[in-house]
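Each of the next two complexes has chain A plus one other chain: chain B in the first, chain C in the second.
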Partner chain A sequence: MIAYTLKRILYVTPVALGVSLVCFLLVHLAPGDPLTAVMPIDATAEQQAEMRALYGFDKPLPVQYGIWLWKVLQGDLGTSIASGRPVALEVGRAVGNSLILAAVATLIGFTFGTLFGFVAGYFRNSMVDKLASAVSVLGVSVPHYWLGMVLVIIFSAHLGWLPPTGAGPDGSGSWQPDAEHLRYLILPALTMSAIPMGIIARTVRALVAEILSQDFVQALRAKGLGEWGVFKHVVRNAAPTALAVMGLQLGYLLGGSILIETVFAWPGTGFLLNAAIFQRDLPLLQGTILVLAMFFVVLNLVVDVLQTLLDPRIQRS
Partner chain B sequence: MAMAATETLPIEASASPGYWQSVGRRLLRDPVAMGALAVLVIIVLAAVLAPWVAPADPYKATMVRRLRPIGYPGYPLGSDELGRDMLSRLIYGGRLSLFMGVVPVLLAFVIGSSIGIFAGYVGGRINTVVMRTIDVFFAFPSVLLAIALSGVLGAGIINSIVSLTVVFVPQIARVAESVTTQVRSRDYVEAARASGANALAVVRVHVLGNVLGPIFVYATSLISVSMILASGLSFLGLGVKPPEPEWGLMLNTLRTAIYSQPLVAALPGLMIFLTSISFNLFSDGLRTAMEVKQ
Partner chain C sequence: MKRLVLQAALAAGVATALVQPAAAQGVLRIGMTASDIPLTTGQTDNGGEGQRFLGYTVYDSLINWDLSSDTKPSDLTPGLATSWGVDPNDPSKKRWLFKLREGVKFHDGSEFTANAVVWNLDKLLKSDSPQFDQRQSAQGKSRIPSVASYEVVDRYTVAITTKSPDATLPYQLAWIMFSSPAQWEKLGKSWEAVAKNPSGTGPWKLTAFVPRERAELVPNKDYWDKARVPKLDKLVLMPLPEANARVAALRSGQVDWIEAPAPDAVPSLKSAGFQIVTNAYPHNWTWHLSRAEGSPWNDIRVRKAANLAIDREGMKELLAGLMIPAEGFMPPGHQWFGNPTFKLKYDPEAAKALLKEAGYGPDKPLTTKILISPSGSGQMQPLPMNEMLQQNLAEVGIKIDFEVVEWNQLINIWRAGANDPSSRGATGMNYSYFIQDPFTGFIRHLQCDLKPPAGTNWGLYCDKEMDELFTKVRNTFDPAEQTAVLQKVHEKYVDEALFLMVTHDVNARAMSPKVKGFVQAKNWFQDFSSITMSK
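Showing the complex of A and B:
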């Protein structure tokens, strides 16, 4: 098991390096110089060269990458051009809010997704099955930013039950675990849960149907085990894959939250990214993307190892 | 969203004229897939024939008749925040929305298939290098990658298409590689290689016909994701620029109207939803129709 974990870490390291390289190059893809945004228009060529030297942009790209990576490894993601604060601080503040939102959304999606999936897989071709299939197609087809708007229209504009935007009263910048803040979490979390709900329902349905068709289930029934007992076996067999899908969905939601966070003005990483893009704050953009992508890489690793722990049969090569 | 990436198990297809005919027959008997296709045909036709179908000029604004409700005389689906006819804008909006949703998948289909088939056919060390590079792109959630690229490149139709293509190429390449690897080890391919046929001929005659079908089905399942993402980019202000009619952008500019005209404000999103679900249902039908072997 430990050997396998080490092997996975060894395998993930080049991917992580590749991710850092992509994030680094992203800034150099931008039209013009990364400094264009901060440089006064009337700066002389000499002043520009001075600035470039100050930020290290005069060095060859591989050297710049080396220096940047070394700083990143020490937790230095550079300085935000817009706010002048360290990027690591800004991202650190936002990531907690995003994590709360993504985790609650995944939890809602997972609960209802597995419920739908189990019922559909057990009673295939029944009405419930058709309903579950419909829910899963709706979940993956709906533009979630629009779903968010529709929920705001219904529950905020029309019924006035829930706040339309923000993470808390008086525009508080971060989410707190209390009743008042909870009301702000409901709509964005519900909106976000639509995607994992559809995907998990689909996965679990296929899993349950497949497990039920296997010989060992027949054997269990033949030896006189009750439905409840059989059910426990099905859960035991479906759990590793279902949990793995849930883990990956958490990663997708965290990284893909920008549209929903924008609709709800939720002060998370997506909101930060949006601000960074429109203020052309490239260090902040780079840092946020790097943190989100790295989180996704690590999450993949954890899911993979946990899955093997739950079901030692699946050791990926 | 990378939702489709969780179910990339490619299906096998054997290519012969009879096979495609039977796929067509099965599709015709699938009411859901046919219904979805009908909706798509209507949306596409309306977009293509917009200048003839649309009742009004989609750019003509009148400040006196802003945000009229659905059914207002002269405005069948109401008017937007600048008094422009919603129905006409929705019809015209399909042009850019469909274009920006479909083109990245087409481009990614060509590029991704080439990369994947090459890697799968050549195998060995080159395959490892190509596939590990592709793994790097899988480390980014699709939405994040698309938005990051668009954000850096700047707003615009071309830049959006480029970013979305970059997002889908690795996904299609991975499917193409796995199907090609399977086909490559078949006896008839081995035999063709042993007979001394050059690699290009083997790929053209024996591989392409067997792998393009499954890759195509996978690509069609990406169109819905691509539509949602493309409109999402415009929604964020990273895609189409005003005053062009495009569903994502319209949804964004109408956000301020959710209190005064909620139904009108929700219409552009409804169009994205309708198109995306139709593509999904049709793609599901196609998958089912192709999965069943003769």
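Showing the complex of A and C:
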């Protein structure tokens, strides 16, 4: 087990290097000058050159990459061009906020997703199955920013029950899990949970259906095991895959929430990325993408290791 | 059991949250379009919006903008300087003297003196001074291109010398904000520390600041201009870059005021009882025409035809009324408008006749390419608006192909010039302009020696008569006489149809009916001092 874990960690190194290279190149491929958005429109060419040199944009790309990587290895993600604050600080704050949102959304998504999935899979082709499937297909298909806006229109604009934007009455600076802050979390978390709920429900449904058709289930029933006992076996067999899907979804939610965080002005990584993209804030963009990508890599590693714990067959293979 | 307790606590929490009272009276919460709190150290970023919310609130300039009226044009007014003018003993007319207001205090209690003026100019212009701040310099240096040197004359007098005689210096200086040297010293000479705890001389003090989320300002009760001491208890600024999020925040009562509501949200906001406040201000939305060799716009008849072919009233309908149809380059009623003879009316027949005269017709249509952007600061609703122009122009025989480029890229092309390969052979560019002072309003677009890369005369226009007028603007030191010259400039802009003059934005903002006493000046900047919140 330890050897397997070490091997997996070793595999992560080239992946991480590749990720860093892609992060760096991607933002440089996009058109537009990183300094355009932060300097007054009439800034002279000389002034622009000064700023370009200050941020090192006048050096060849491979050199820029080398310098950047060296600093990243030392924990320095650079300074945001637009805000002047250290990228690590900006990303750290945003990741914290996104984690709160993603964790709650995953929890909602996983709970309802597995519930719908199991019910649908267990009672295949019944009305319950159709209903649960319809809900999960809707969750996957509905554009989440649209869903977010609809929820805002209903619960904020019309009913006035929940705040539509922000992370708390005084911003996220003093965030704590109290009722006042949770109110701000409800709408974005619900919106965000729609997709993982749909995906997990569909996966679990297929999985349960497949497991139920296997011989061992028939054998269990033939041996006289009660339905509850069979159910436990099915859960045990479905858990590793469901967990893997949830891990991936958590990763997606951490980084893929630009639209939701922008719609709800939730000060997480998505909101930060949106600002960084529009301002061509390259250091911030690179730093945020890198941190998110590394999250994904680490999350995959954790899920892989957890999976082998739950299902020894994986390690053996 | 534990779960039950938790559920009960949650339910109780939600219940209390639902019946929470509205924010305390006297607090105004504004949703801005910026995605971050603008720079707080003095020289703000985020363009006009930054200066509006964290420039003229926390700080003052030597010369401020008069923001007290919503009917008369907004002009310069004494700020930290009580009077200014060219030094009568200097025949070169390059040395200016500024008499400073006595007894003005920064928020930290230190006094504003001539030393503070020089210290602040060094902060922007002198890269080896200890207080030099690259971030503020990047924002401020290009605003005062004429400044060559400056010195303390006495405790309350400063001399500023320009590179060449330049009567537009007061407009340039209106951009420059003065931060407290004592505060910077006290906070360990760190601008990062000052950003969290800034000290200016303005009517508002910044008291709380969460990056990218909110800034809180309270009145400076000791402000030198008693008429501008804020009446509110607190002003809260929140960045809400997404237009729908702003509207939702307003409708749910999370904010009381939003900047730039989307035009399609305006009717429903109005019917829900919100106020939509608009006014003319020095902004325009044009097609900047190329005058490079081979451009069809070199023919005045074509330029005039295009200006007569567009249905500005129709466009106003498209934008739910949130625009002022152009009658010239400056908004109607502006102090520099003058009396142009060419009237910008909708007359397709006259346009067709002019085109025919210029040699175009159904058998020989005029086809050309225009650069546009899908979005951008001040660009209003560029796609539907440009499509409408395309249709209008097609009706008189001008066939337009669009080259759509992203906004930041368009800015770069604008800096590069019409004959640069990046302009891709386009003969025009849809660009909206900040036109608040003589330089940004007129000179930068059309002065011969400001062709790129020296400046932003994108269309490469060069005209001896116009250049002479610009020189005269810079050399006319009497404000009234200078205004008369600027009117002549504007008349030439319009009579020669130098741009496709389409519309002016109206700086729309939507606010709760509780917001009282706001006077929307005809300016990019606004004063929040007169506002109160009713119950």
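Please note the rule applied: the second predicted complex is superposed on the first by the 272 of 317 C-alpha atoms of A that agree within 3 Å, B and C clash if a C-alpha of one lies under 4 Å from a C-alpha of the other, contacts with A are read in each partner's own complex, and residues count from 1 in each chain.
Assume contacts are C-beta pairs under 8 Å (C-beta built on N, C-alpha and C of every residue); 3 or more make two chains touch, one makes a residue touch a chain.
Since the structure is predicted, the reported quantities are computational estimates derived from the model, not experimental observations.
K.L.:
Between chain B and chain C, whom does A:L138 touch in the aligned arrangement: first, second, both, or neither?
P.N.:
After superposing on A, A:L138 lies in contact with chain B but is clear of chain C.
K.L.:
Going by the contact rule set out at the top, does A:D215 touch chain B (first), chain C (second), both, or neither?
P.N.:
neither
K.L.:
Looking at A:T262, would you say it contacts chain B, chain C, both, or neither? Reply first, second, both or neither.
P.N.:
A:T262 contacts both chain B and chain C.
K.L.:
Of the partners chain B and chain C, which touch A:L26 in the superposed model: first, second, both, neither?
P.N.:
It touches chain B, and chain C stays clear.
K.L.:
Check the residue A:M149 against both partner chains and state whether it touches chain B (first), chain C (second), both, or neither.
P.N.:
both
K.L.:
Check whether A:A157 is in contact with chain B, with chain C, with both or with neither, and answer first, second, both or neither.
P.N.:
In the superposition, A:A157 contacts both chain B and chain C.
K.L.:
Per the contact definition in the header, classify A:Q279: touching chain B only (first), chain C only (second), both, or neither.
P.N.:
Second partner only, chain C.
K.L.:
Where does A:S83 make contact in the superposed view: on chain B (first), on chain C (second), on both, or on neither?
P.N.:
In the superposition, A:S83 contacts chain C only.
K.L.:
Indicate the residue numbers of chain A shared between its chain B interface and its chain C interface, in ascending order.
P.N.:
Shared contact residues on chain A: 31, 149, 152-153, 157, 262-263, 274, 278.
K.L.:
Flag every residue of chain C that touches chain A in the complex, lowest number first.
P.N.:
Where chain C meets chain A, its residues are 10, 12-14, 16-18, 20, 31, 35-36, 39, 45, 47, 134-135, 138-139, 141-143, 145, 192, 195, 208, 210-214, 238-242, 244-245, 248-249, 251-254, 405-406, 408-409, 411-412, 434, 440, 444, 453, 455-456.
K.L.:
Once bound in the complex, which stretches of chain B touch chain A?
P.N.:
Checking each residue of chain B against chain A gives 1-4, 6-7, 132-133, 135-137, 139-144, 147-149, 151-154, 224, 228, 231-232, 235-238, 251, 255, 258-259, 262, 265-266, 268-270, 272-273, 276-277, 280-281, 284.
K.L.:
Considering the complex alone, what residue numbers of chain A touch chain B?
P.N.:
14-16, 18-19, 21-22, 26-27, 29-31, 137-138, 140-147, 149-150, 152-153, 157-158, 195, 198-199, 202-203, 245, 248, 251-252, 254-256, 258-259, 262-263, 273-274, 276-278, 282, 285, 289, 292-293, 296-297, 300
K.L.:
Once bound in the complex, which stretches of chain A touch chain C?
P.N.:
31-33, 36-45, 47, 51, 54, 82-85, 90, 93, 149, 152-153, 156-157, 160-167, 170-173, 178-180, 182-183, 262-265, 267, 271-272, 274-275, 278-280
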